[in-house]
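After this come two complexes, each holding chain A, first together with chain B and then together with chain C.
After this line comes the complex of A and B, so read on.
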C-alpha cells in the first residue's frame, strides 16, 4: 500500500485533471445536444489540438497555454468546412449516417497524423509540465493546476455564451426544437456549423492541456473520446454544471483506480464506470434524447 | 422473373458455390488460399455485423472485443484442456456469446446510438484489461501449444464457418423472426405495442452475431498460432468489418461479399502502405454513405431494376 501522501497527491491530481475532462466533454456534449451528432472524431480533433499546440511552441515559441485561444480558433476554422461538406448534407438522413461519417473522419485523421507526424510519442514541452507545486499538504504537477483553472474558466465562458448571448439563444432554440426555431427565423444550418466549430475548439484546447500534461501519439484520440463520453453520460447532455461535476468525479475515480489497481488501470476504471452508468443511470439521457 | 423463382435458383446456387470452393481448394496456390481465407473470414464477420446493424439497427463498434475473446478462448481451450478442435471452435464462439449476454444489460438500456458508444467502450475496456492483466499473458499474449492445421485445412474450416453463417442468415432473414427484427429496428415502441418483445429480439441477434464473431476470432487465433491483445482486440477489425458492410451494402444479402472483396483487393494493392490504406478506406466510407447509402450491392440492384423497367 502506497503511503498516504502519495495517495493524497494522486487524488488531488485526479480532481484537477477531471476539470480538463469536463472541458473536452463539453465539446462533445454540445454537438450531441444541439446537432444530435455523435462525433466519433472528437478524440482526433483533440489530438489535432495537441499537435497544433506542439508545433506552435516549436516553430513560433508561443507558449501553448498563452496561445490556447489561438489553437481553439484555428481548430474552429478547420472544423467549419468539415461541417459544411460532410455533416450538413446528411442533416435529413437520421443520426447514423453522420455518426459513421465522423467515424470515417476519425480513421482518416488518425492515419493522416501517422503519415505526417510519424507514430512518435510527443509531449508539449513546457517548464511547468514537470514542475511541482505544493498546496498545503499535497504536491502536484503545476500543469494540473493550470489545466484545471483554465478549463473551468473556458467552461464558464461557454456557459455564458450559451445562456447570455443572442447566439446562445439561437443555439438553445435549435437544440430544443430545430423545426420551430427555423420557423421563427433562426438559421439552424448556421447554428449547427458554429456549434460544431465550438465543440471542435473545446476539444482542441483540451488537447493542448492534455498534450502538455501527458504524452500523445496519433492514436491517443480513442481513449479521450471515451473519457469524454463517460463524462457526458454521467453529467447529462447539455447540462454544463453536470458536465463539470462529472468530469471531476471521473478524474477522481480514475486516480483512485490507479492507486488501487496500478497505473495501467487508470483508463479502464473510467470505461467500466461508463458502462455501469449506461446500465444504471440511463434515464437522464433517454428523456432528453426522446424529448427532441 | 418472379420472386419465388429467384429464391429457388438462389437455394440451388449457394450449396453449389460452396461445394465448388471446397472442391477447388487442392488446386489453389498458397497465395490464393491466403487471400481466400481472409475473404471468407471477413465475410463471416461482416455477415454477423450486417445481422446486427443492417437488419437489427444495432450499429456495433465492439466487433474486436468478441473477436479477441474468441481467439483467446480457443487458445486457452486447446492449451489447457483435451477438447478437440471441432468442439473448441464453437465453445470459443460461446465464450464471445457469453460476453454479449453479460454486457447486454448495459448496452441495450439506452437506445440507438448509445449502443454504438457502449460497444466502443466495451471494446476499449476489454483491450485495456487484456493488456494490463497478467492472467492472460498480458501485453505479450499466449502461444498455442499445438501446431495449427495447414493453410488448406484452415481455408476449409473458414469455408464451413461461412456456410454455417449463410444458413443462419437465411433463417434469420427469411423467417418470421426477420419480420420481428425489422419491426424492432424500425420502431421499437410500435413493435412492443403489438406484442413483440424488443429486448429479447435484440438479445438474440446480439448473441448470434457475437457467437459468429467469436468463432471467426478463434479461427484467426488458430491460424496465427499465438494471440496478443494489440492485434486480436485491435480496432482495425472493427474498422474493416464496418467498412465492408457499409461499402458492400447494409441490410442486403450480397453486401458483405461485395464489400469484403473490395476491401481485401484494396488492402492487397496498398499492402505496403497501411496508413494510406486505412485513410483511403475512411474516405471511401464517407463517399459511400453520402452518395450510395445502399453500397455496391445497392448500386447493382438499382442498375438491374432500371434495366428491368426498360425491357418491360
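After this line comes the complex of A and C, so read on.
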C-alpha cells in the first residue's frame, strides 16, 4: 500500500479530474436526455475539440483555456449541419437508427482526423500543463485544478441555461414529452438541433482540457466515450447536477482503484461501477431534485 | 427469368473481372507485401517504415528493376495498414500472400505486430524480413525458418543506460523507478532485464510498476515514483503513453536526474508534442546518419528533404530490410521461395544500418547507442566513439 502522501495526491487528483469527466459526459447526458440520442460519436467530438484547441494555440497563439468558448462555439457550429442532415431525418425512427448513424459518424470522423492530421500523438503544450501546485502535503497538477474549476463553471452555466432561460424551458418540455411540447408551440426540431450543438460544445471543451492534461490521437475518443457513459449512468440521464457529482465520484473511485490495484486498473473500476449502477440504480446515484 | 439469369451472369462476370484485376500482376513483376501500423498508437513508426520500404523499392525500379535469372523484373510493393492491431497484421499477411500474390514479405513494427505477421508467413513458408522487432522477443516465439529480423537485442538496450552511467561517472542516489507497459517487449525490458541489471550494478529498484498499453492516467504510479525519491526513472511505453507520462511527471513535480523512455521517445512526434519537456529525455537508439555505414548520411538527408521532417532510425532499418530481401531474390536468381530463403540466410553485407549477417536464430544484431532529445533534435550521446553531442545531465527542470 502506498504512503499517505501518495494516497492523498491520487485521491485529490481523482476528484479534480472527475470534474473534467463531468464536463465531457454532460454533452452525452443532455443529448440522451432530451433527444434520446445515444451519441456514439461523442468521443470523436471530444477529440475534435482537442484538435481545435491544439491548432488554435499553434496558429493564433491563443491560450486554449482562454479560447475555450471559441472552441465550444466552433464545434457547435460544426455539429449543427450534422444534426440537420443526419439525425433530424431519423427522429421518428426510434433510437436504433440514429445510434447506428452516429456509430458511422464516429468511424468517418476518426478517418477524417487521420487524413487531415495524421496518426501522430499530439498534446496541447502550455506551461501550466507541466506545472505542479503544492498545498501542504498534497501536490497536484495545475491543469487538473484549472480543468476542475473550468468544468464546474461550465456545468453551472449549462444548468442556468436550462433552468432559467426560455430555451431551457423549451428544452425541458421537449425532454419530458416532445409531442406535447410541439402541440404547445415549441419548435422541437430547433430544440433538438441546439441541444446537439450544446452537447458537442461541452464535449469539445472537455477535449481541450483532456488534450492539455494528457495526449491524444485520432482514435482516443473511444476511451473517453466509455468514461462518459459510466458518468451518465451513474449521474442519471439528463441530470446535470447528477452528472457533476457522478464525474467526481467516478474520478475519486478510479483513483482509489489505482491506489489499490495500480493505474492500469482505473478503467476497470469505472466499468464495474457502470455495470453496478445499471443493475442496482439505473436511474442514477443522485436523487433528481427537479428538472434536468 | 432468362433476363434475370443474364443479369446475374453479368454481375458474376463483373465481380470476377474485378477480383481478377485485384489479384493479377504482370508476369515480369514481383510483388512484395508489407503490413504496417499506418494508424493507431504506433503510426509514428509505420510512416517512417513506409518511406524506407518504398524508397528502397522505387530506387531499384528506377535503376531498371531486379535481375532474376538474367531477366529484369519490376518490383511492386503492396502495403496494407494494420491499425496497430496484431490480428489485422495476421489477416493482412494472409491476404497479401494469397490474394495479392506476394512472393515475400517485409515486417511491421514491435514484437506484437512483427511476430503476428511472421507466424502467418512461417506457416505459408513465405520469407519475411523485418527490422523493428527486438531480438529476444522475436526469438522467444519459436525457432524460425522463414522469418528474419535485424534489430537490437533487448539485453543491449536495457543495459545501455547503466553502462552509460558507469562510463560517464554520473552521480545519482542509485535508486531506480521502473514503469513499463505489459506488452511483450515492455515485459522483457522493464519487467526482467532492467531490474536484474540494476540489482547486478548495485542499484536499488525502488519501484517497479506495469500498466496496460491503453492507459492515459498515471497519477498514482508517478506519485509513488516521486515518493521513492528515485534519481533514475526508466520507462518503457508507446508514444501516446510516454507523452502523457512525461507531462504527468512534470505536473506532479517529479524530477529524476536521469529519465529513459524506451519506444515512446523514439519518433519525432514525442519531441513535437512535448516541446521543452522532451529535452534531456534518453532513448535507446541504433542508427544516426552520422554513422559510418554506406549511404547513411544520404538517406537521412534525403528523408528530410523529401518529407520536411526530422529523420528517424526506422527509415534505416526498414530501408535495409527491403534491400536485404531484394538482394536475396537477386542472389537466388529464382522466384522459388525456398531458394530466396536460403539466400537471405547467406546475407553477409554492410547496409545503411550496418553489417548484416544472420545467426542460427535468424537474427542479425545491431549495436545499441543512447540518444537524447536536445532542443527538438535527437543526439547520440553514448558510446563515446559514436556520440555526436554532449549529454545533458541532470534532466533539465521544466
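The rule is simple: the second predicted complex is superposed on the first by the 282 of 292 C-alpha atoms of A that agree within 3 Å, B and C clash if a C-alpha of one lies under 4 Å from a C-alpha of the other, contacts with A are read in each partner's own complex, and residues count from 1 in each chain.
Definition applied: contacts are C-beta pairs under 8 Å (C-beta built on N, C-alpha and C of every residue); 3 or more make two chains touch, one makes a residue touch a chain.
It should be emphasised that the depicted structure is a prediction, and the values quoted were computed from it without experimental measurement.
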In the overlaid three-chain picture, which partner chain does A:3 touch, first (chain B) or second (chain C), both, or neither? second
After lining up the shared chain so the two structures overlap, which partner does A:160 touch, if you call chain B first and chain C second: first, second, both or neither? neither
Please work out whether A:279 is in contact with chain B alone, chain C alone, both, or neither, and reply first, second, both or neither. first
Taking the superposition on A as described, I'd like to know which of chain B and chain C A:114 touches: first, second, both or neither. both
Figure out whether A:13 sits in contact with chain B (first) or chain C (second), or with both, or with neither. second
A:90 contacts which: chain B (first), chain C (second), both, neither? first
Touch test for A:267: chain B only (first), chain C only (second), both, or neither? both
Of the two partner chains, chain B (first) and chain C (second), which one does A:226 touch, if any: first, second, both, or neither? first
Find the residues of chain A that appear in the contact set with chain B and again in the contact set with chain C. 114, 223, 262, 264, 267
Chain A residues touching chain B in their complex are 38, 40, 86, 89-90, 93, 95-97, 99-101, 103-108, 110-112, 114-115, 222-223, 225-226, 229-230, 233, 262, 264-265, 267-268, 271-272, 274-276, 278-279, 282, 285-286, 289
Can you list the chain B residues touching chain A in their complex? 59, 61, 103, 105-107, 109-114, 116-118, 120-122, 124-125, 128-129, 131-132, 235, 239, 242, 246, 275-276, 278-279, 281-283, 285-286, 289-290, 293
In their complex, what parts of chain C are in touch with chain A? 38-41, 43-44, 46-47, 182, 209-212, 214-221, 223-224, 226-227, 239-241, 243-244, 247-248, 250-253, 267, 269-270, 272-275, 277, 398
Within the complex, which stretch of chain A touches chain C? 2-3, 5-6, 9-10, 13-14, 17, 114, 118-123, 125, 129-132, 134, 139-144, 213-220, 223, 254-255, 258-259, 262-264, 266-267
